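What follows is a set of notes on a single structure, which appears directly below.
Just so it is clear, A, B and C label the chains in written order, and each chain counts residues from 1 on its own.
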Amino acid sequence: MLKSLQNDLLLEAESKDLKVIIISAEGPVFSSGHDLKELTEEQGRDYHSEVFQTCSEVMMLIRNHPVPIIAMVNGLATAAGCQLVASCDIAVASDKSSFATPGVNIGLFCSTPGVALGRAVPRKVALEMLFTGEPISAQEAMLHGLLSKVVPEEQLEEETMKIAKKIASVSRPVVSLGKATFYKQLYQDLGTAYSLTSKVMVDNLAMQDGQEGIKAFMQKRKPTWS
Amino acid sequence: MLKSLQNDLLLEAESKDLKVIIISAEGPVFSSGHDLKELTEEQGRDYHSEVFQTCSEVMMLIRNHPVPIIAMVNGLATAAGCQLVASCDIAVASDKSSFATPGVNIGLFCSTPGVALGRAVPRKVALEMLFTGEPISAQEAMLHGLLSKVVPEEQLEEETMKIAKKIASVSRPVVSLGKATFYKQLYQDLGTAYSLTSKVMVDNLAMQDGQEGIKAFMQKRKPTWS
Amino acid sequence: MLKSLQNDLLLEAESKDLKVIIISAEGPVFSSGHDLKELTEEQGRDYHSEVFQTCSEVMMLIRNHPVPIIAMVNGLATAAGCQLVASCDIAVASDKSSFATPGVNIGLFCSTPGVALGRAVPRKVALEMLFTGEPISAQEAMLHGLLSKVVPEEQLEEETMKIAKKIASVSRPVVSLGKATFYKQLYQDLGTAYSLTSKVMVDNLAMQDGQEGIKAFMQKRKPTWS
């Protein structure tokens, strides 16, 4: 599943026609994380290492991907499934969805999910989820920053597509530059972050779509992206 | 405008009579950010660099300023205007205010606003704003940490002045030391942050106003600040 | 008080029978922070240094402690008392509780409390509290990440014990490894954090309780922790 997701994310990643990716699931569970059959003693340490290595690669691929990646969640997202939601750039969920990191119940603390969760929600929210394994509702997840939006189930696809279509309507090179820059500056000190982003703004203005966007605005017409 | 704001912020910055600054606007827009006429191809790369350099200087001046700076927002704050709100120490807004980073619509991703926004709200909130350009309400902005307080329009000035007057009633040297220390320790590791702040507490106690404050408390009287 | 708390936290910290710690108080105040009699001019700089050194040691001991530490708050938590709540891994409070960092009122900015507060709530919330000294309600504290849960006073103990009992029912070595790893990875860059936690997951699987947990899950039975 992880390799398949990785391949799907890499598929035509560099194509100019790819503007945005939506990750969704069929059935009542968005994702319940790792298949525990892969984590038994019999599989062995090397195999376990490979599993978590692949998982981390997928999560980092989402961040490093040139287009925005949206999680569309309708149901339960647990452990690495919760990590997947936390790792996406945007996450929309139905109000029946819930989120948990229950590894502690089976003696396997959700340490890798904690990487993404700890960067998405306040520390105390993350720790209560990690220490107790108890789920939080979609509403709580949104209040704490794990989700961008919560909607009734019947509006989930419409609302997600609205965001996706909006992103697909703007310039891919501009969005790509913006996404890469956002994550890069986020962990820099303020001075370094402003040096980087000031230069990026100037570069962005020099791009074909940057010039076209400003011109179109001045001429009060719709821009035509490259 | 940026140079004027910079000069205003620097005006008597070192005066003991300056205790707090409020940044507000006239009309239905708090700030819509850069004047796009300054960002056309004709103005050229060097001029663009200067614009963003000045903008970053203003935002960093707010953080490095010796007194607290409050944004009082009544209306729309977009792009660098949203960045300005995010950069202030405290932000109070009327409930009709809204906030957006719509640069993506004109092919110019709000990368510099993203520096301040990404440090004020959760990552997913910032990214949805940056990728879609859609506004969030004052209520949402407060829930996510962009604002300190939201009030009905007719109470905006009163509520902001209440905060400002409170700050003006305490010791300027103590507040200055506190502000500078807060931002310095915020990005340090916990051990370094506690070493720094423990020393600052001891220094604060040795200040004239630190000694006066403790004495007044012991003697159950109002302190007289330096 | 700080030394007593330190000793209590260290008491049997390494015992396998210790699973979780709850810090609570008697009376209407959870903690109002430092005893100002210890901070007078007469006590002198060296003594002041020792006080803040001890305080920081206690706060860092909470983070570095092998078991989760829960603050159960029923009343006012101010200054270093607010810092104590912010420093715990989990915090449950009654709805009548409130939280403030009022040092500025006595000329002693809450710079050490700001370390914990600034890592628990958004920057603007922390700064308004620090600059004005005004309290926030339990509800606000929860919305902003300072608390894990708010309940009516009569349910405070029950709700806190529910969380504590849940933690006490899982494996101590697994929880200890998870807690230490969570705080370690939280301030690393994403790649480093995933390298660390991927290795920790593999180590966790090789632990006695990791193997038992997976086996029990496969065999559809309750695990028996070491």
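Criterion: a contact is a pair of C-beta atoms (placed from the backbone, for glycine too) under 8 Å apart; a residue touches a chain by one contact, two chains touch by 3 or more.
If you want to know which protein each chain is, UniProt gives these names: A, B, C = Enoyl-CoA hydratase domain-containing protein 3, mitochondrial.
Predicted model, so just to flag it, every value in this text is computed and none were measured.
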Drop chain A, keep coords as is, and the touch graph gives one piece
Looking at where chain B touches chain C, is over half of the residue numbers used by both copies, so same, or under half, so different? different
Geometric centre distance via CA averages, chain C-chain B, whole Å: 29
Name the residues of chain B that each touch 2 or more other chains. 119, 121, 143-144
So, in the complex, the side of chain B touching chain A is made of residues 36-37, 39-41, 45, 48-49, 52-53, 55-56, 59-60, 63, 104-112, 114-115, 118-119, 121-128, 130-134, 143-144, 187
With touch defined as at the start, can you tell me which chain A residues reach chain B in the complex? 68, 89-91, 119-121, 143-149, 163, 166-167, 170-171, 174-175, 177-179, 181-182, 185-186, 189-191, 193-195, 197-202, 204-207, 209-218, 223, 225
